[in-house]
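Structures are listed in the sections that come next.
Presented sequentially are two complexes of subunit A, the first with subunit B as partner and the second with subunit C.
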Partner chain A sequence: MTVAARTLASIRATPTLLRVGLAEAIAYRAEFVVWMLTSTMPLVMLGLWTSVAAEGEGAFAQFTADDFIAYYLVTLMVRNLTGNWVLWQINDEIRRGLLSMRLLRPVHPFVTYAASHFASVPLRCVVVLPFALILALSAARAQLTGDPALIALFAAAVLGSWILTFLTLVTLGCLCFFIEKSMALFEVYMGVFAIFSGYLIPLPLLPGWVRDAADWTPFRYMLAFPVETLLGWYDRGDVLGLLGRQWLFVGVMLAIALGLWRAGVRRFEAYGA
Partner chain B sequence: MRAARYGRLLGVQMRASAMTAMQYRVDFLIEGAMSLWWLGWNLIPLLVLYRERDVIAGDWDFPSALVVIGWFTMLRGILEGAINPSLVDVVDRIRTGAFDYTLLKPADAQFLVSTSRFAPWRVVDVIGGVALIIYAFVRMDRAPSAGDVALALALLASAALVLYSLWILVVSAAFWVVRLDNLTYLFTAVFDAARWPVQVFRGAWRFVFTFVIPLALMTTYPAMAVLGSIGIGTALLSLAGALVFGALARALWKLAIRNYTSASS
Partner chain C sequence: MIRTTELKKHYRVHRRPPGLAAAIKSVFHRKYEVVPAVDGVSFAIERGERVGFLGPNGAGKTTTLKVLSGLLHPTSGGVEVDGFEPRRRQADFLKRITLVMGQKQQLIWDLPPSETFALNRAVFDVPDAVFRETMDELDRLLDLGPISSKPARQLSLGERMKCELAAALLHRPTTLFLDEPTIGLDVSMQVAIREFIRAYNERFSATVLLTSHYMEDVAALCPRVIVIDKGTLIYDGDVPSLVKRLHPDKRVSFTRTGPIAVDQLERLGAVVSHDGMRVVLQVPGDRVHDAVVHMLGALPITDLSIEDPPLETVMRELFRASHQSRKSS
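Up next is the complex of A and B:
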C-alpha cells in the first residue's frame, strides 16, 4: 500500500477506532479507575506541603498554602488528563504475541494505539471534574491566571503534553522488543519523571541543577509546563516559546518512536510470530 | 502436624522461587544497582524539605526522618520481594480460570497463593534500608537500646502483617472485578506515601494514613520504636490493629472464595 492510501485508511478508520476505544474504557471501568488512582500522589503531596506551610506561618520558601493547593490540584488534573498506559499494553502484547493481530490491520499501530487511548479522554474529564470543582470553589483559585489567552495556550499545552506523553511511553514500549528486563527500566523512568516533571515537587523548590537539567528533558513539557501556564507563572511570549520547545520534543520523540518501532517489528517477525 | 506440613510446603515453594532466581543471576546486579539508585533518588523530596527547615511536625529532624525512609525502603523490599510477585500471579490465575486448580489442591488456598512466588533478589532493598537506618544513627551519634530494637522488630512483624492483609483485601477485590492486572501499581503508588512520618500530615490525611490505609503502622511507628520515642500504648494498639486487619482480610478472603465462580462458568 502506498503512503497516501495508508494515510487515507487511517483517517477513515479513526472515528470507529475512537468509538471502540471509548467503549473499551467504559467496559473495563474498574481497571480504568485503578489506573487513575495510581496517580493520586499529588493529593498526598498536597497534604504534606500544606501542613508544612501551615507550620511555618503559612508558607514554605516562596510557596503559600494556597499556592500548593492550586499547584497540586492542577497537577493532578493535567496528569490524569494526559496519562495513558500504552507502555504496559505494548509490553503485554509483545510478550504474549498479541501484536501480530494488530500488525495485520491496514492502519499503522501508532494510530490504533493513539485512538484507543485518546478515546478515553472524555472519561478522564469526568473523573477530573470533581477536582476542578474543588479548585474553583476554594480560595486557591486566585492563584490561577485570569488571562483568556493564557487559558487558551494552556489547552494547547495540555494537548501537546498528551501527545508527548503518549509518544514517550510508546518509545519506551518499543524497548520491549529488544530488552527482556524492560519493566525495570520503566521504574527508573517513573522515578525520573516524578522529579523532572514537577509531579512530586514544584520545580522552583528543587535545587538549581535539577531545574536546569529539567529544561533539557521532555518530562518538564509533559506536566510542569501546562501546569505552570495555568498558574500564570509565565507571560504570553514565554509560553509561546515553551510551546515551540514542547513541539520540538514531540517531533524528536515521534522520530525515535517510529525508528524503534520499525526495527522492533522486524525483530518481532524474526521470532516467527 | 498441620504446621509441619505447611512449613514443608512453604519450603518447597521458596525453593522453587530460589531456583528461578538463580537462573537470572544478572538480576542480582540489576536489582542492586536499581536499589542504590532509588535510595538516593527517594531522598530528594526530603532534602528539599530539610533545606528550609531543621525540624518538622514537632520532633522530626533530618536523621529521624531518614530512619522512616530506611524503614520504608526495607518494607518496599518485602512488598516487592514477597508480596507483589504472588499478587501478579494470582490475579492472572483468577482472570484465566487457572485458579480452579489452586482450589483443588489439598491445602489452604490463601496459603498457596500467598507463597506462590518470591523475588529473592529484592533482599538488596532490605539491606539498603537497614544501612540507611544505621547511617541515620551514626549521624545522631547514638545507638538504639536493645529493648527499642526488640520492640521495632515486633512492630516490623505487625507491619508485614498489615501489608499482607492489605494485599489479601486487594486480591479479594480481583474476584469481583477480574481485569485488574494493574493493581500492583496502585499498591506501590499508595505505599509511596509511607516514606513520610505520619505526623507530618494533618487532618483528613493523618486520619486516612493512620486508620484507613494504615501506613503509620508500617513505617512511622516502627521507626519511632527504634528511635525510642513511641509510647507503649501506641505500640500495643498498633500490634492489636495489625491483628484486627489480618482477621478482617481472612474473613473477606473466605467470602470472596465463596463467591468465586471460575472464569468460564
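Up next is the complex of A and C:
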C-alpha cells in the first residue's frame, strides 16, 4: 500500500472516526463538562482585572472593564474549543499496554487520536454557548470586530490553534515512552503556557521582553492570536502574517511530534508492548 | 505461512532489591540485566494450520506472538508472516493478521461493540457489502445480536470475548494470533469460542496460532503443538506423537460390577483411581491388548474405555524433563 493509498484510506475512515469520537464524548459527557470547568481561570482573571480597572478610574493601562470582559470571555471560549486530553490518553495507553491495539490498525495513530478529540468540538461548542450569549448580550460585544474577513480569519486561527495545541500535547504525551510517566510535565507546560499564551494576562500588559519572547513561542498562537483577532486588534494583513507564523509552528510541531513518536514506538517495540 | 529462524528477543530489565534505601539508590544508579524471553526459536507453519503454542508462564509465548504481529522488534533472527516482515507493520500486513489478547481489549469501554465494529470497518477500509456479509456470518457463529448494542462495560466476560473476536476478525484476516482467548470463561463459553475458531479456520483457510492454559482448547483445536520453555523450543509436532513419546502408557477405565481384589488390579497396571465402582488403571502401551483381553474375560466389569493420559499430565512431564535437562547441562 503506497503512502497515497494509505492517506486516502485515512481520509475515507475519518467520517466514521469522527462519528464514533462524538459518541464517546457524549458517553463521557459528565466527565467532559467537569474537565471543561477546570479551564475557567479566565473568569477568575476577569473578576480580578475588572476590579483593577474600576479602581483605576474605569481603565488600567488603556484596558477598560469592557475590554477585560471581552478579552477573558473570548479567551475562555477559545481555550475550551481548542483543549483536549490526548496527553493523558497517550500516557494511559502506553502504561497499560493498550497502545498495542492502536498500533495494529492500518491508520496512523495521530489520525485516530486527532479524529476522536476533534469530534468533541460540537459538544465543546454547546458548553461555550452560554459564555458567547453573555458576551453577545453585554456591552462588551462592542469590543469585538465587525469585519467579516477578520471573523473568517478568526475561525482559521482557531482551527490552527486546535491543531497546534493537539500536536503540543501529543509531543508531551510521547515523552512517556522515555520517562515512563509524562503527566507531571503538563504542570510545567501549563505554567509557561499561562504566561506566553495570554491565558492569565493579556500580552500587552506584560513587560516588552515577555511580549517579544511570546512572538517566538507556539503558545501565543495557541490562544492569544485568535483571541486578539476577534477583538480586532490587528488589520487583515497583520492577521494573515500571524496566521502564516501559526501554521509554521504547526509544521514544526508536527515534525517534532512525528519524530518523537517514531523514536518512542521503536523504544516501545524494543522494551515491551 | 509463518516462519521464524533462530528468533531471539532479549529484554533489558531494571532490577532492584526491596526497601527505601534501594529505591533511593536506584534514582542515581540503576542495575539492568538482560532477560532472554525468546532465545533462538525456529518453526514454520503452513497456511490453514491450527497450531497450539504452549509453555508455562514466562516461557516466551506472548513475546513470540507480539514479534509475529509486529509489536515487538526481534533482537535477532528472521521472522516472516505471509511474505511480510512484521516489524515494518505495513498496512497490507496489518490487514492480513489479527492479534487477540484475552487480557487486553480493543472494544470502546462505554460504547456498544457495534461502534467498535464500525470503527474497525473504517480503519481497515472494509467495503460495506463485505462488512455486512462478515457481520452476518460472525453474528450467526457467535450470536452477537442481543449483545452488540449494549455498552461494552455491561457485557459479561464471555460476551465481551465474543465481541473482541468479532472486532478482531471483521476485516477477514488470514492469520490469527490468539493469546489466551478463553481465559476466565466458563466451560460452555470455552466450547463456543473453540467451535467458532475452528469454523473460521475452515471457512477462510486461516492460519491459527493459539496459546492457552486450558489444554482442552489445544486438544480440541490443534492437531499440532509447539512447546517452548524459558524461551527455547522443546517440542514441535503432533499431539499423539508427543503423548506417545512422553507417556507411552494408556489409561484404561471401567465400571466394576462385582468385587475385584486390589492385587488383581495391580497385576494389570498402576491404579490411578478407585472411586466407588469406577476404576482407572495406567497400563504400559505394549501390555494394553493383553490386559484388556484379560479384564473382559476374567473380571466382572462393564463400560470399558482406553484413553491417552490427559494433555496436562503430558505437558507437566515435558516441562519436568526440560527443567531436568537444563539443570544437568
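Couple of notes before you dig in:
Heads up, the rule we're going with is that the second predicted complex is superposed on the first by the 270 of 273 C-alpha atoms of A that agree within 3 Å, B and C clash if a C-alpha of one lies under 4 Å from a C-alpha of the other, contacts with A are read in each partner's own complex, and residues count from 1 in each chain.
Going forward, a contact is a pair of C-beta atoms (placed from the backbone, for glycine too) under 8 Å apart; a residue touches a chain by one contact, two chains touch by 3 or more.
None of these values were measured; they are calculated from a predicted model.
In the superposition on chain A, contact of A:24 is made with subunit C only, not with subunit B. Once both structures are placed on chain A, subunit A residues 28 are touched by subunit B and, in the other complex, by subunit C.
Per the touch definition, subunit B reaches subunit A in the complex via residues 27, 30, 34, 37-38, 41, 44-45, 47-49, 51-53, 56-57, 177, 179-183, 185-186, 189-190, 192-193, 196, 200-205. The touching residues of subunit A, when paired with subunit C in their complex, are 1, 5-6, 9, 12-13, 15-17, 19-20, 23-24, 27-28, 97-98, 100-101, 103-107, 112, 266, 269-273.
If you check the complex, the residues on subunit A that touch subunit B are 28, 30-31, 34-35, 37-41, 44, 47-48, 50-52, 54-56, 60-61, 85, 88, 92, 181, 184, 187-188, 191-192, 195, 200-201, 205-207, 210.
If you check the complex, the residues on subunit C that touch subunit A are 11-12, 66, 69-73, 87, 89-92, 94-95, 97-99, 101, 104-106, 108, 110-111, 115, 118-125, 151.
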